[in-house]
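Shared between the two complexes below is subunit A, which has subunit B as its partner in the first and subunit C in the second.
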Partner chain A sequence: MSALGAASGGGEGINPTASIIGIVIIIAALAITAVMAAPALAAVIGVIIGGALIGFGVHFVPVGGAPAAMGQSPGIATGVAMLAAGAGLAGLFGGAWAAANPAFGIAIVIAAGAVGGGLMMAITCLMVNIVYIFGMGIPAASGKVAKDPITGDSQAEYKSQGTEGHGLPFVSYVGGVIGGLLGGAGGTLIYYELLQVYSAMLPAMFNASAEEILPIAVSLAGIFAVGMFLVNAVLAAYNITGTIEGPHDPKFKRFPRAVIGCAVASAVCGLFAVLIVVV
Partner chain B sequence: MTVQITASTGGIPHDKLMAAGLVGSVICLYLTYLNSATGTEVFSFFGGLAAVFALVWGTSTIKHLCSYGIGTGVPSAGMIAFGSGVIAMLLATQFNSMYLTPIMAVVFGAIVGGACGFLANNVMRMNIPVMVRSLTEMAIIGAIVLLGLTAVMAGGFGFDALSVKTISIMGILSTTSFGASLLGGCLIAVSFMLGGIALQHPFNACLGPGEKQDRTLTLAAECGFLSMIVVAVISFAFVASFAAIISLVVAIAGWYYTFVKYIEYSKRDAYAWLDAKPILEPKGED
Partner chain C sequence: MAGALATVAGAAEDTESNIGSQGDPNSQVQLAPQMGYIHRIYNKAVSGEPPAYGLWVTIGAGVAWAFMATGMNPVLAIVIASALAIFVQGVYAATAYLGRTSSLAKFEQPVYIDLLKSVTSVTMAHAFVAVFTTVSMCYLLNAALGHPFPLPLLGIVWGIALGAAGSATGNPFYGKERQYQSQMFGAGVPISASGNIVRYAEAGQRSSLDNGWFTAKLGGPASGVCFGLIVFLELWRTVLFEEAVGGWGAIIVGVIIILIFMIIDRYIETWARKNYGPYVKAEEASA
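Our next item is the complex of A and B:
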């Protein structure tokens, strides 16, 4: 390992060649689905949209990592994967509860998932600020902007020397809630689309009634949704390369390539998830 | 995160570990087919050994990847491994009737992992030389570990067998239940997290100055056996008690051996340790 200690640059801008290859992969995945499992084509498109929503949503979440735990940078003191997984899984619970009720349509199911994810992030951000302010005794101050874009409060006076800011400023809080909403909605969309496919196709496979097969359909859709959520969240985290303050951070502008990347990853994963009922 | 991640060089080369891990785990997975060949379930424990082989290999891969400073913490690598691995593993269980499941898990894992690696390296512009290879390995490892833990729990890994459980009532009547099966109870989620923690913990715990390969890999094996203990306990619900006891004994014996070994290595590498003795003062420092 000759590259020990070498930091990844995380270059700026979109790589056009790789993006075009990615779009070709999406089209290929959709074509394979159309040939092998035509009824599931809409579901795969839903999975791709869900994955893109997750990739976009992760960029809103204020991730501080280890420096934030020491009060040296703003954000929630953990990694992107953990935070996004927390918000997404909380959203999945809300969405799965709504999906279990046949009276609710897709709009209510996704809204329930979004509210679940947003609520989880709102509570997390609130408790993080309580710990920062009353536990560690540090004010909330952004290091990336002079004024909070929403409230207009100035930040520099509250920022300690030698840090990149600390605590969770208002704009980061709002970003966290938006990220939770988007992530929860995306995760639930994946779950809901896969659940429709499995509850429609599994009864014929096992020669059983739809009610008997429901636990398998829910379990499969749930674990696939969790798996895809983690893949998308980690890919988006790789795009951010570590920490981000929220929607006002310059790194936020990198989101288009995360949307492309997560859509491609979701297309491949969605194809595999659908193939399980037709192979 | 700006925390400096340092890892040792030297030791067994990664390629050798990868070959041993891949071959060892696939052979162990194939040995679980002895269950259906002999009509018993006592060979389920080979699944756990496959998981341990794969976890040791995976820890070496994580060490390789994270020494480049990916910026998102070591656990994120474990999460993407199992997120992509579970998709490959579940699709592979459909090929059980042709005895292809372990091979297909490797193939599907390589496809999903390779796609993720390409996206991370080229679309996200991570520009890390080992990224594509590492994420490909990680997805394969995730799929193999999940297959192994599933084999311990259920005695095999056919999709149909995992979905349906035959319940006999009073020994005379029998009925099939989907809800009481391994997939219906979503025990795959339990093995997902057990494997994920076992994969992401060892290097995360051992990284830093003075990291030694044998200590890190011993911890990986220890974590694997620890997860195997839990799935062996769960297996009492699905396989014959005798087979479950064999899995449990193998898991506890393996855990005990690796744990003692790990403590031994930790003491070897530590400057000093409190063992009912006063800690020595550093000499020649001031």
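Our next item is the complex of A and C:
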């Protein structure tokens, strides 16, 4: 219930002081990388971009939390961070699979990760609407906008009395898929960049051949990608505070703040992820 | 086969979480005593389903991986590892029920020891099915399909995805249709009714086991289909089309599948609007 009652905490705008501090932290992290592990600088930049993509993508995912489970608010009835993590990790699975094929370049790997995340969200959102419509007899209705921005369908008259709406209107469905695409792409980008660093640096460290070291490099990059994914998804979830309907929700406008926050967190995480193989 | 295992896993996961009352609808189980509605529903949502399943599946996958490293037969390793993971789930469930329910003591909600005895073992059994099938699926992905991730890492990825798919699909059915069975069909639950969950069954008080029985009719299978489709289509498009069009084949097929699902969604959305019509106030509907 807290998700329903919560007012939009933290305001909408960007705090200039905090943003400057954040940018300073990013620059410091990049400077430390450039001094201590110059070849890994591109990887850390990739990790920062990946983190920002995840933070941006999470804002597209329509999440209704506990009220959605009672048909009291639109969206998917689970937590923001958790759903985004589920989709992003499904994308990471696809991206890692493509990355294992040496013939594929970075574009294919990222696209494979993005489509994996988008597919997970497309299926989940469809099943949510199937349960709402065929299991509970409830048509989708948004509580935040009068008309669906994509289809132009009016929403208010389909909304049950005493609720904020229910189900997934088409705009939320599209938002979910875009969120999955961005999350999958961001997670895979982090994985791919770290994998390049680890497979280049670990063989010299352990004095072993590249083939012998590959499983360790894959595991290390994978676990860091999963961890950073959760960091960014939770940060973005804090920015959303509770529930969001998708790209048409007024809360969506808060995304620049999350993108800055996620970039800063990713810079610091990326720095440590790189330092463990050079120090 | 991985898709079939995933379907069973999804169905078992949702039924387990509904019997144990994990996931978002449990907010109402927690809220009810505070509004004066004392009940006999289990209450173990100290964490969401995705991280909880991430934990149990990863324990199962990690222990199975360790057993296999010692040369144990994979099937035996997965069975024993899943059973060990379920002991963790049992401890989690029992302590969560005791902790969450005793926190409601000032609202005079009792802790029922018979409930702890009867329901915990049932959630453990369902969780075993979910964890065993997911770990087996991860083993197939790694050993048969050659995914580069080691088994424990696949356990984290698919454990969290399993919890996400199961809670997203299954929660509304458990929350709206079961806990608020007394409310009007075909409409959301008014916010004013929050906490007034259905607490009585045909005979005596409703038990969480009845909730598993009810949601196993639609919420469970729907979650199973959801997770099964995710795993199957993800594997299908990669295995068959990965090499096509210079590596872009699987991606193009994935985009086409997403567009097909989008069209189906739009179709059922308009179907519902046309057939169910706009919301009608209760008094007009009964007139």
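By our rule, the second predicted complex is superposed on the first by the 271 of 279 C-alpha atoms of A that agree within 3 Å, B and C clash if a C-alpha of one lies under 4 Å from a C-alpha of the other, contacts with A are read in each partner's own complex, and residues count from 1 in each chain.
Going forward, a contact is a pair of C-beta atoms (placed from the backbone, for glycine too) under 8 Å apart; a residue touches a chain by one contact, two chains touch by 3 or more.
Small disclaimer: the values here were computed from a predicted structure and weren't measured.
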Return fit or clash for subunit B versus subunit C, each positioned on subunit A through the superposition.
clash
Just subunit B (first), just subunit C (second), both, or neither: which does A:25 touch?
first
Once chain A of both complexes is superposed, is A:90 in touch with subunit B (first), subunit C (second), both, or neither?
second
Who does A:101 touch here: subunit B (first), subunit C (second), both, or neither?
second
Give one of first, second, both or neither to describe whether A:243 is in contact with subunit B, with subunit C, with both, or with none.
first
First, second, both or neither for A:58, with subunit B first and subunit C second
neither
Between subunit B and subunit C, whom does A:261 touch in the aligned arrangement: first, second, both, or neither?
first
In the overlay, answer first, second, both or neither for which of subunit B and subunit C A:15 touches.
first
Go through the superposed model and pick first if A:139 touches only subunit B, second if only subunit C, both, or neither.
second
Considering only the touch criterion stated at the top, classify A:235 as touching first (subunit B), second (subunit C), both, or neither.
first
Out of 98-106, 134-142 or 260-268, where does subunit C run into subunit B after the fit?
98-106
Per the definitions at the top, what is the overlap between the subunit A residues touching subunit B and those touching subunit C?
1, 4, 65-67, 79, 82, 85, 214-215, 218-219, 222-223, 226
Of subunit A, residues touching subunit C in the complex:
1, 4, 65-72, 76-79, 82-83, 85-87, 89-90, 92-94, 96-101, 103-105, 108, 111-112, 115-116, 118-120, 122-141, 151, 153, 157-163, 165-166, 168-170, 173-174, 177, 214-215, 218-219, 222-223, 226
In the complex, subunit B residues that touch subunit A
1-7, 9, 64, 67-73, 75-77, 79-80, 82-88, 90-91, 94-95, 108, 111-112, 115-116, 118-120, 122-129, 159-160, 163-164, 178-179, 181, 183-186, 188-189, 192
Inside the complex, what are the residues of subunit C that reach subunit A?
23-25, 27-28, 31, 48-51, 146-150, 153-154, 156-158, 160-161, 163-165, 167-177, 179-180, 185-194, 218-219, 222-223, 225-226, 229-230, 233-234, 237-238, 242, 247-248, 250-251, 254-255, 257-258, 261-262, 264-266, 268-273, 276, 278-279, 281-282
Residues of subunit A that touch subunit B when the two form their complex:
1, 3-13, 15, 17-19, 21-22, 25, 65-67, 79-82, 85, 206, 208, 212-216, 218-220, 222-224, 226-231, 233-235, 237-243, 257-258, 260-261, 264-265, 268-269, 272-273, 275-276, 279
